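When the chains are written out, they are named A, B and C in that same order, and each has its own residue count from 1.
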Amino acid sequence: MDRLATLLSPLWPVEASTYAGNVDALMIFLLVVTGLVTIGIFILILVFATRYRRRPGHEPLQIEGSTLLEITWSAVPLFIFLIFFTWGALIFFQERTPPRGSAEIYVVGKQWMWKLQHEGGQREINELHIPVNRDVRLIMTSQDVIHSFYVPAFRIKQDVVPGRYSYTWFHATRPGIYHLFCAEYCGTMHSGMIGDVVVMEPAQYEAWLSGGGATGSLATTGQAIFQQLACNTCHRSDTQGRGPNLAGLFGKPVVLEDGRTVIANEDYIRESILNPAAKVVSGFKPIMPTFQGMVSEEQLNALLAYIKSLSQPPASVAQTPNLQSPGHEQQKPKVQ
Amino acid sequence: MSTAATISAEREHYLNKGYGIRSWLFTTDHKRIALLYLVTITFFFFVGGILALLIRLELLTPAGDLVQADTYNKLFSEHGQVMVFFFLIPSIPAVLGNFLVPLMIGAKDLAFPRINLLSWYLLVIAGIIMLHAMMVGGVDTGWTFYTPFSTAFSHTSVVEAGISIFIAGFSSILTGLNFVVTIHRMRAPGMTWSRLPLFIWAHYATSIIQLLGTPVLAITLLLVVFERVFKLGIFDPIRGGDPLLFQHLFWFYSHPAVYIMILPAMGVMNEIITCFSRKRIFGYSFVAMSSIAIAVFGFLVWAHHMFVAGISLYSALIFSLLSYSVAVPSAIKVFNWTATMYKGSITYSTPLLYALGFIGLFTMGGMTGLYLASLGIDVHVTDTYFVIAHFHYIMVGGAVMGYLGGMHYWWPKISGRMYPESWGRLAALIVFIGFNLTFFPQFVMGYLGMPRRYWQYPAEFQVLNVLSTAGATILAVGYLLPMVYFLWSMRYGKIADANPWNAVGLEWMTESPPPTFNFDETPEVTWEAYDYGRVPPQPREVAVEP
Amino acid sequence: MTMAACRRSPGRLPLSHSPTAIEHEHNPALQHHFADMDQQKKAAALGMWLFLATEIMFFGGMFCAYLVYRYWYYNEFAAGSRSLDLKWGTINTAVLICSSLTVALSVRAAQLGKRKLLVILLLLTLLFGLVFLGIKGIEWKSKFEEHHVPGVAFNVNDIMHEYPQIPIDPQHAQVFFSLYFAMTGLHALHMIIGVGLFTFIAYYAYKGRYGPGYYTPLENAGLYWHFVDIIWIYLFPLLYLIDRKPLR
């Protein structure tokens, strides 16, 4: 596929991710099949138009129809369409299923720029440096209107919506610099909301990580905000707090006061900070104040990273009291 | 060349029965109303076309150097709104449908002639409001009005545009209502459902969509207007709302809307291909049922516009599967038209050239729909020029060519004159070439990754953009030519008789132009549709002495 | 049109058994693009039913939004619902049902040719309609005074204090009230149109235009009125009766 892409360029985009090859393979298949059918129809029409042009002595033959033909040319296309559907769906499954252990990068779209936060604390605007051959998962939200994170070379695109998180992932396969576009119209400088994804060899990437002025990992920044906003006064590391213990919470089921059970994922954490009354944990009172307007999207991402860092295997439900305290953080490799 | 004086002195028909502006502005004759619509939508076609030319001119260079960014954003938004709501949706139903539906079924008029006139006035009022919105502030939300940009961020005349489209929507609803009641209740004796021209079946299906889909757009835009004016929070996440709810409600109408735009053109195809192949349509009931199937399935696929918007994996799977199913009836139609030409006796008239162009371009556009329905591909190409090329192939290569083909085919009936045939063929060829040059490069651009609605773009896309703009200028010439020679023919064209094409159909059994009440005697139908096998018998008159 | 020029051209065969076949001089209400009164009546009825289908789709968009948000924001919807005045809502429901009764009876009166009864029933209908609108005005006014109207002055502290044990997010409550005003507002607009329509109908009835031979406009206006009534019958439980159980 990659060779074909190179062969067809500049009419074909470069393939720079594992996913791109799969998409291109389906595209080629579609081109061939639909191309053949289309050319077939064109040829038939041209042949009929010439062979059956009006000439003296040639009477038209009145044919009412043929149920057999109708069924055939309904069933055969339907069958072919089902192949298109299945293949496309399989690729889509892949695109929607980030592998475990992906490096996570937080993306905030705003009019008219992309802001990116690495777990190690590095912040970028309109540029994303990533290492080649690593799974990378993006956790994205918007600060204002709907945007869309689009990297043609990776063949990935995902709308970035205010008020919620959206996700995408990729595995870059070749170093280089690739376009990053905003693909959902968002106002005046929608066409200016573009940047570069810089895919680097591992050694160069390490160098880049240590070269930047990161002031601690994203989780550390989040911890600082956690203390600054006095979250730790209610969310204590024991069961005496007025709020639930957050250690080990992330990714686990949570029972709510109305009997529902939800998973404590990114959207849950974010909602609990901005609209705490929406989902109150069973056994707790709805007294948590809202922090809407007091934290930016990037600060929310840092808090999220911090709360994620409090989760430790093996899995346990958030309300079990005998967990390690939040103070006992995992040792993260610092790259300073 | 006989002059206009000869024709009108001899016989009274709908054009010369009453002169003066009042006889036109207060008419209830469906044929006159069709002409009123013709003038209106042609005007808006020009407005939308000029906007398109400005867009293409800006895109000649990668930098934004012709207009400012905000202006460009208004250009494409208004191009979309004007073309969709004030040209494409009315076009064939309001002009050809209004003119021909009563004629084709042997009725004297539509069921509700005054409501028909009201429909036209609503479109005109809506159009005036839209023009005002464009001149004072413009609209820059895209024709899709996505929230929260449209409700809380845009500084343009969103409320006015919303109200304008709301009113235009009612014009569309009332036309659909009129057609459905007319087709159900006013068919001539002997005109059973299975003898109806497929043009009628197509308009029936279109009308069902107009009736059931447009109100949802109306309420959605109304809620957007309320949200903007009263600061409600239905679609704005800051105020507790959900932007995706807007998208679902919007696309619930706007997807079936595209079938409103294409089904009538497909209806026209049936008439033209049968006449110029001298053959009955291949598989009448399958084509008729396909129209209904497209209308029904068309309501079930809207979220394929939202595969990357944030819908769940399972929703995406369901909508992708359903989107493939809606492609099957369209494919059936293309095969049936091709089969109709088999062993026919084909004349290369201008309408047929447009019809052949339609089949080719609609097939290409429809095929690319299959790519978009595929989830894996759609992630890459949605919101790029690939989608723009796809829908222009169908709407312009399909619907507009169907409209032009139909205008040429029925021009003798409408005006009593023939258009000049060689100019007609030349224009058809120019349109075909210009169209492909404009939009085929956009498929390539889209797969390469050029996003939509971009005022400026990276330099590597320039060559394709230049090709596209060159095509657009050729296309513009192709569209101007028919304007000129149709007008010319009204004075200098050859006088047409009742049936210049020797076609089968009730509309050809009355004079050209028809009398105000269409038929001197109500026809009685005893033959099958498209009965090109034998000379249709003279319609048996049913007259009862008073 | 003269009698001679006005040929009766039957649109459908056979018509000899239709009740209007007897009239060769046409009913003055016959519009000439129709073959006979029967065709005209059926066309008008079909047209009104189709129009009501479009109205269902129109309101349907709002019902859809309501369903989604009620599922997500149940507590706020329940609390907001409880803050509506059940007494006025119930009275209004009864008023509308009675008005539908008078409309139905008026059609019957027309069929029987009882003009005086017809006019009385139509005037009663109008009265009921105006009472409904008046009560709606009272309700909206009290909502305005309670600061429950979405916008800058929106404030649901009163609701939150009334139910301290239930978590209420003011933004979500605002969505409830946005939908409340949008839905009842559009319904009231349709009522106003209905009242206007029936004013004309009552006037024409008084002038003797409707009788056993012709009452199509009355019947179709009646359909419209019944439809607006049915919309209210859905709105009432959905807006007023979400959760009226006594609280724990």
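Keep in mind that, in the parts below, a residue touches a chain if its C-beta (ideal position, glycine included) is under 8 Å from a C-beta of that chain, and two chains touch if they have at least 3 such contacts.
Treat the numbers as computed from the prediction; the structure is a model and nothing was measured.
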Indicate, using Cα centroids, the chain positioned nearest the centre of all protein chains shown. B
Chains linked by the largest number of contacting C-beta pairs: A-B
Expressed in whole Å, how far the mean CA point of chain A lies from that of chain C is 47
Chain-centre distance (mean CA atoms) for chain B and chain C, in whole Å, is 34
On a C-alpha centroid basis, what's the spacing between chain A and chain B, in Å? 37
Overlap residues in chain B, where contacts from two or more other chains coincide: 238, 242
Where chain C touches two or more other chains at once, by residue number: 73, 169, 171-172
Enumerate the contact residues on chain B facing chain C in the complex. 107-113, 173, 177-178, 180-182, 184-190, 211-216, 218-220, 222-223, 226-227, 230-234, 238-242, 245, 249, 252, 517, 521-522, 524, 542-546
Please output the residues of chain C touching chain A within their complex, sorted ascending. 73, 75, 165-169, 171-172
Give the list of chain A residues in touch with chain C in this complex. 275-278, 280, 286, 290
Show which residues of chain B lie in contact with chain A when the two form their complex. 64, 69-70, 73, 140, 142, 146, 148-149, 153-154, 237-238, 242-244, 277-280, 282-286, 308-310, 313, 316-317, 320-321, 324-325, 327-328, 331-332, 334-336, 338-339, 341-348, 356, 359-360, 363-364, 367-368, 370-371, 373-380, 382-384, 444, 447-449, 451-458, 460, 532-533
Spell out the residues on chain A that touch chain B in their complex, using ranges where they run on. 10-13, 22-23, 26-27, 30, 34, 37-38, 41-42, 44-45, 48-49, 52-55, 58-66, 69-70, 73-74, 77-78, 81-82, 84-85, 87-93, 95-96, 111, 144-146, 148, 150, 152-153, 155-159, 161-164, 166, 179, 181-192, 194
